[in-house]
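To start, the structure itself, in structure tokens.
Letters A, B, C, D and E mark the chains as written, and numbering starts fresh at 1 in each.
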Amino acid sequence: MDSILSLILFPLFFALLIAFLNKKYAAGIALTGSGLSLFYFLYLLSGFKNSLKVLNEFSIPWIPGIEAELHFGLDSLSIFMLLLTCLVFPIGILASMKYEEHRSKSYYILLLIGLTALLGFFSAQNDITFYVFFELALIPFYFIILMYGGSNRKKAVFKFLMFTVFGSFLMLAAIIYFHSLTGINKTSDWAMLYDMEISLSAQTWILAGIFIAFAIKSPLFPFHTWQADLYSEGDRPTIIIIAAVLSKMGLFGLLRFFNVVDDAILHYQMPLIILCLIGIIYAALVAWRQSSMSRLLAYSSLSHMGMIAAGILTASISGLQGSIFQMLSHGIVAAGLFFIVDLIMFRTNNSSIYGSAGIASTQPKLATYFFLLCLASVGLPLTSGFIGEFDILLGLANTNIYLSAIAGLSLIFGAIYTLRFYQKSMFGEMIESNNEWAPITLNEDYVLIILVILVLAFGFFPSSWLDLADQATASFVHLKSKI
Amino acid sequence: METASPEIFSSIPLTHYILLSTTLFVIGLIGVMVRKNIIIVFMCIEIMLNAANLMLTATSVYYNNPGGQIMVFFTMTVAAAEVAVGLAIIVMAFKNLNTTNIDLFNKLKG
Amino acid sequence: MLSIVILTIFATVVLYLGFLKNRNIIIPIALFAVLLAAYCLLSNQNLWNNWFMNMMEIKDSSKAFSLLILFTAACIIPFLNVFKKRGSEELADFSGILLYSLIGGIMMVSYSDLIILFLGLEILSIAMYILAGADRKKISSSEASMKYFIIGAFASAILLFGISLYYASSGSFRLDVTVVHSSALLNLSYLLIFCGLAFKIALVPFHFWAPDVYQGTPTIFTATMATIVKISAFGALYQFIRICGANMSEWLYWLLSFVAILSIFLANIMAISQHSVKRLLAYSGIAQAGFILIGLLQFQPDKTWIILYYLVAYTLASLACFFACHFIEVKNGNDDHSAFKGLYYSNPFLAIVLSIALISLSGGPLTAGFMAKLFVLTNAAQIGNIALVVFALILAVISLYYYFRIINLMFTRTNIEHSWQVDMPYKGLLALLSIGTLVAGIAPYLLVNLLK
Amino acid sequence: MIDKVFYFLSIATVISATLVVVSKHPIKSVLFLVLTFFLISAHYVLLNAQFLAMVNIVVYAGAIMVLFLFVIMFLNLNKEIEQHKSLIPWFIAIISGGCFLLITMSALSKTELISSVEHSSSLGLVENLGNVLYKEYLLPMELSAVLFLIAMAGVVLLSRKEKIVDTK
Amino acid sequence: MNPEILIHLIIWPTFIGFIINGLFGSMLSKTASGIIACAGPLIGFLATLYLYLTNPLLEAINYSYYNWFSIGLANPVNFSIYIDHLTILMLFIVTGVGTLIHVYSIGYMHEDKGFSRFFAYLNLFLFSMLLLITGSNLILLFAGWEGVGLCSFLLIGFWFKNPEYNKAARKAFVMNRIGDLGFILGIFLLAIKFNSVDIVKIQGSFANLSMNDPSIILITILLFIGVCGKSAQIPLFTWLPDAMAGPTPVSALIHAATMVTAGIYLVARMNILFSLAPFTLNVILFVGVATAIIAATIALKQNDIKKVLAYSTVSQLGYMASALGVAAYSTAIFHVMTHAFFKALLFLSAGSVIHGLHGEQDIKNMGGLKKKMFWTHLVFLIGTLAITGCPPFAGFFSKDEILSSVYSWNFWAFVGLSFASICTAWYMFRLYFSTFHGEFRGDKHVWNHVHESSWIMLFPLVVLAILSILGGFAGMPEILSERHFLHDFLKYNVVDHTHHVNHFFEYCLWSVTVLALAIIVWLTYNRYAKSSKEKFELEPTGFSKLFANKYYLDEIFANIFTNPLKRLGSWFKNTFDSKVIDILVQLPGNTLDKASIELKPIQSGNISWYIISILVGLIFFAILFLVKL
């Protein structure tokens, strides 16, 4: 019962339930399923010990020929993302419930399949399992957006698909290459993969493959053009999940593969970090000039992803630790912001940031939650956003102070575009049509309260989670410095 | 029965036969490529088959191995079946398109 | 041998059944014949196997290929139902010819003497020439038949010339003849034989017929062409490489890799702009064949299952695609991809089946198609062909483009959505194909142990 | 002496085959093809493969070519004369054909063919071949029956008038 | 009482006030939320007082709440409070002035709908400020640092319906953030160099460092960038005048007492570090003097009562920075203190004027208010005298100390500051006379409704006025007193590097000051006390125009930074992203699309062509094969 497999299969069970029951229960069951997954995960988490070992393991022989196992387990890296995943799905489903009459059973079934895929992905303990679930996670979301997205969804989702699959095929090539190098006819779990001695040139090729894959998935500049389209055209509740969780998949992958390609990362550190930095600034500037909420958040996300990636590439303890933490934090914040965008757009039917101007005076609660989330997004101290960003910048400073300074510009630009976004959409003179705004519902209130509490809790008391992140980084061997 | 002269084995090397059949084969090939009338194209294919037959027979005789000649026998069988079916198809196609010009069978393309 | 005899007898019986007015028993009998033959193969009935006279050998691999052919046929035969309206004679003819053609397929995958290969190939091909022209009134069908026939005959001639060169240089038609040294002429004959088979498989540059013929042929027989013919030809190529591989020059392997990459590349590019789904599937089949060829490249006896697995995956998926196409064609009268628009909203079952099949073809995760590609590519990489792997994967991305375009279309709402259903037995069959695809993808061990 | 016969026959065969290809009139082509078959049969005779020589004439020249003629007449193609508008196909065809020939020649030149020790003069006789055919090659012999069955059923099928019967 | 409890009492009441007012403000009556809000700083003040009184020698207290997070694997960053003399002094200023401003706000904001929200912000602001002052490590300090920036954003944009105010709020936050970036980079370098961010620990490890060590120079410069942002030094000061958009108590709180002096506090806190980098000190001096002069000259031509005060604040901050620049840290802190008193006084009384005039801020519509607002007029005058350095008001002592310290360091800086000082006197008296003397220039209707403010607003004014009069005696110069109370108080934490100036110079300075003041008072009285409205509306020319337009600094910044970046952003968005990158990444796709269509002819449908292709392919392979063989 304590096996991670039951957590992974849990949503599938509910998906089956939905398939066989009446449509009107679908949303409720989906919510229950995802909520129970969260609690089940928390239960597993309570039994999680700080150790380098993988816990709650599940493994069976799976793929013959390469003798790969289907191998899942909890470790200190995966629990971050598992927590995020379990947390965000109920939120996404809650957000979708207001569109319930336009959502058929398939919507919820696909969402739950997506949940299973993501849980499998984040708890994968070897590269083949990792890869399969990496790809699998794409499919349900592809279909959801295809069926429930906005008017230009087809193009957007197609772009998303083509980009991602291109990347993941490169990754597959890298994995296959990697296996052919090791010569042994057996796929083993991460720990064993990390022990492989691979020459720098081989690592370079592997890095090239996986970096492009992950850069597309995250996305990082310049592979990001699918993102804004998708975020603005996609089904908004799903976009909550995509922005919060799926965008972390690439970075998570980079962390997972870090030890395999550490020499190459150190060797190509500079150009890669510079690429990330360009992305950070670029995205921030573009976000500044956006007038569509979803697009703005998409570019903001891009900027943050660049920051996290840069943190990982510093190969320093604080950089990695900060990146891991920031992934969680940004997930929560992005979920919150997209949740708010969704509830605003549900009411105004207008994607422009000017569409809800002045709403703060009638909706102070909403304005407050929104503001707190914005603060976390700009990395204000004592919110969750600060710790991660601080650690990342410190890691960068440790590598090179100028890099840190350039990355730090995002503190400024981030403030500019986030506050602009906030002020334009909440402040100013009230638009008349917004006088009859429905106040935020109890559900929305709860979701936002929980998110805000999390943001603050992680901001005030991050240390136990950072210890876990330390645990995760401790397994990365070739770190140069102690900062 | 007149015995085959050992003469032919001594005076004409097998290579010559192979060359001859290759030449015939190539003539058939060229015909298939350039002719427009389906029936003639088909006939050129028959030339190609015969070229192969000739090589098989010659080799069979030179190697003193009956397999080649048996193969020729089967080839003829196949050719007969092919001709029967092929001509039926040609007739059917002619009924539909009223032509045997190979260039006009180009509705399916792209 | 028993299965061949069974097929022959039943095929002949079915031909005669055409004289009866009862149209309904033909298909069950044909199906029964196929299943019986499969059972005989499966249960290792050795009766009359001495008749093979060493010209055919039923080994494990050829048995697997044969079973796959029979299984495919069993899936296809129920669909002959569409010809019921043309009367029992024609139905009987189609069924009979289809059954006969299976004999050709079995011959091709279990030959050890080139005569059998040639005969088997001709049996299969001639059957296909006829079936391609099944819609006699249709210009497209007769044109397809014509094209297939002319080019097929031409390819047969090349194959025959190759065989005769083989004979000339080795003095025998047997594959396992001991050749003292690998001579140029022998290699040339290999090349020609390969070309002959490549034509059947439809590999670039011997593929030109395939899109045209697939498009023109009635969909059911297109499915036959895309599956049974391909399996047979691959079985033949496999047999050829398995036995003669040692004599082949290293160069031929390079040629094969080149052809494989060229196939994947050209077919994928050409497929992008296709509007006819059958045509598109033809190109897709060409690309998939390229992948299978990669699997064949470096033959290792213990890795036979890789090719088989790929073929199974390909067959499951492409059967599902063609069947879906068939239903669409029956409903809309054409197979243009606009006919697929909004399919999910009018017939969700079919759309899901087709989606699974297309995802499998594109190598989506947890489908048989993914595992198949993974096996083939890891195998290639272990041999050291990493460049090939990278090329193949990058080119495979292109295929996503057209597979998912169909999926995109199916999930696009249209204004007119009349809900319609697939009849029950067919529904079951399609579900079976999808489930097979998924099970083989999720738990590959099941299938692989079977194939091993 | 026999080599002269061989060369004569060879040249004649090639010329005759070429004429099949170049003749504009289908009937002429058919006639040259028949001639070619006869010449090939002569080769068979030369090779002491009398049975094949006979069969060749009977099957090819006799049956197959008659079929061809029949179809030409049936479709009333004897008037149809091709217009060779473009020389490009010819050009390509001859170049590639020549290449093929060259390739085979060069492969041949690099290959030492097996030299057989003794030649049995009765190899190509009916008796001998019949023995082999019904003993060693029984399987293909029988399977070729399937081939004919298919061809038969197929031809019947293809030439049948299509009719639609109402489904019950 | 246990000092730990005192620490809780100092820090948390404001936070609790914030929570209560923030979450339940809408349920509370205005009185209740006002009392709750005022209680926070008051308790803090009392606790500080108690702490000081029970503990006059005051050993530094370091109290850690919990481990916040850790840098790298081994360096814990604790949420911990550190209190020493410097902190105590700042606590007095912050909580004391803070309390007064809170009390004042009850009156000032009484009519506003967002009453409880306002107090929530104020409390949060004070909490952040307390965190800033008491944080034992740089990161906690930074948290407070950013916190006050945030609150200034909230408070400046308090009336959020006005887009201009929002813009000002954003400008304040962003400008601050620019400084913060420098600050945080400085923290990084410190953390990397000393492997710690604890202030005490860092200061303890300076012993083995040489003067002008390049890394120290870099660190101090970076920290000073932070100071520039927070304390409104050139070039990051333009946000401060704009910040006048907020309610007046906010201006007082931000400008006078707390936020802007945070930067000065930081440098004083890290004084040992700065003393190690004379190069940086020179930079600070230069920037300080320049800021003082530029802000003072701009203030000469402003007509908005709060803007004048704002520029005067910037100018005074320049003074403080100059003091820091000559390593006279405690002098700077001294000026921080006196400035807190008189500037808060000035702002609050200006607020009183604005309140009395129902929101009118332009001095051209004022005049003669003495008649109706006697108390306001009086305290304003005291404030004016204090800021202009008229003996014996508070400003006199601190300013004098700064001037003499600077004189001993650099003569030209002294000249500059003296000039600024003259300007200060000029614009302050100009403001005073044109507001309170002469005839009322505004609308008659308004005049009839002009009223003196309520006692709740006047009370803090009076207290501040007293402090402005007496505050300076905390640091009397040598010639008057043997004991410089403030220097003695701070000497445990702050090591000054000032030279003593001779007494003759001091006397000269005083006499010149008094003389100059007298002249200026006379001149400005003549000029502005009876000035007509038209005079204020005259289009300024020459230098005046330059001053009136703030040296065009906003425009220059806009044209150098903001607009090009905006344009760049737009270009990225409209052109680069959608045209260049998108097209580039779609190039393969489009190429394939095109290729697919272009390649269609090879599938021409022509059988001959197919056969030719097959054969050509075959021959191609065969030729390859022959070449290879």
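Criterion: a residue touches a chain if its C-beta (ideal position, glycine included) is under 8 Å from a C-beta of that chain, and two chains touch if they have at least 3 such contacts.
Every value quoted in this text rests on a predicted model; they were computed, and no experiment measured them.
Novice: How many hops, at fewest, get you from subunit A to subunit C via touching chains?
Specialist: 1
Novice: Where the contacts of subunit B and subunit C overlap, which chains show up?
Specialist: The shared contacts of subunit B and subunit C, listed by label, come to D, E.
Novice: Comparing D-E against C-D, which pair counts more contacting C-beta pairs?
Specialist: Most C-beta pairs in contact, of the two: C-D.
Novice: Which chain lies the greatest distance away from subunit B when centres are computed from Cα atoms alone?
Specialist: E
Novice: Based on the averaged CA atom positions, which chain is farthest from subunit D?
Specialist: Using the mean of the C-alpha atoms as each chain's centre, the farthest one from subunit D is E.
Novice: So the centre of each chain is just the mean of its C-alpha atoms; given that, what is the distance between subunit A and subunit E in Å?
Specialist: Taking the average C-alpha coordinate of subunit A and of subunit E, the gap between them is 37 Å.
Novice: Quick one: report the Å distance separating subunit C from subunit E, using the average Cα coordinate of each chain.
Specialist: Centre-to-centre distance between subunit C and subunit E: 77 Å.
Novice: List the centre-to-centre spacing of subunit A and subunit B in whole Å, with centres computed as mean CA coordinates.
Specialist: 67
Novice: What are the residues of subunit D that contact at least two other chains?
Specialist: 89, 92-93, 96, 100, 103-104, 106-108, 110, 113-114, 116, 136-137, 140, 144, 147, 150-151, 154, 158
Novice: Residues of subunit E that touch two or more other chains: which are they?
Specialist: 589, 600, 603, 605, 607-608, 611-612, 615-616, 618, 622, 626, 629
Novice: Where does subunit A touch two or more other chains at once, residue-wise?
Specialist: 162, in rising order.
Novice: What chain-chain pairs meet the touch criterion?
Specialist: A-C, A-E, B-C, B-D, B-E, C-D, C-E, D-E
Novice: What part of subunit C is in contact with subunit D in the complex they form?
Specialist: Those residues of subunit C that touch subunit D are 4, 8, 11-12, 15, 23, 51-53, 55-56, 84-87, 89-90, 93-94, 96-97, 100-101, 103-104, 107, 113, 115-116, 119-120, 122-123, 126-127, 129-130, 133-134, 136-137, 165, 168-171, 183-188.
Novice: For the complex, which residues does subunit B have touching subunit D?
Specialist: 1, 3-9, 11-12, 14-16, 18-20, 22-31, 33-37, 39-40, 42-44, 46-47, 50, 53-54, 57-58, 60-67, 69-70, 72-74, 76-85, 87-92, 94, 100-101
Novice: Going by the contact rule at the top, pick out the subunit E residues touching subunit A in the complex.
Specialist: Of all residues in subunit E, those touching subunit A are 22, 26, 66-75, 79, 117, 139, 142-143, 146-147, 150, 153, 157, 160-161, 163, 166, 169-170, 173-174, 177-178, 180-181, 184-185, 188-189, 191-192, 195, 218, 565-566, 568-570, 572-573, 577-578, 581-582, 584-586, 589.
Novice: Which residues of subunit C touch subunit E once you look at their complex with the stated criterion?
Specialist: 146-147, 150-151, 154-155, 158, 184, 187-188, 191-192, 195, 199, 204-206, 208-209, 211-212, 249, 251-252, 255, 266, 269-273, 398, 401
Novice: Where on subunit D does subunit B make contact in their complex?
Specialist: Touch residues, subunit D against subunit B: 1-3, 6, 10, 13-14, 17-18, 20-21, 26, 29-30, 33, 36-37, 40, 43-44, 46-52, 55-56, 59-60, 63-64, 67-68, 71-72, 74-75, 77, 80, 82, 89-90, 92-94, 96-98, 100-101, 104-105, 108, 113-114, 116-121, 123-125, 128-129, 132-133, 136-137, 140, 144, 147-148, 150-152, 154-155, 158-159.
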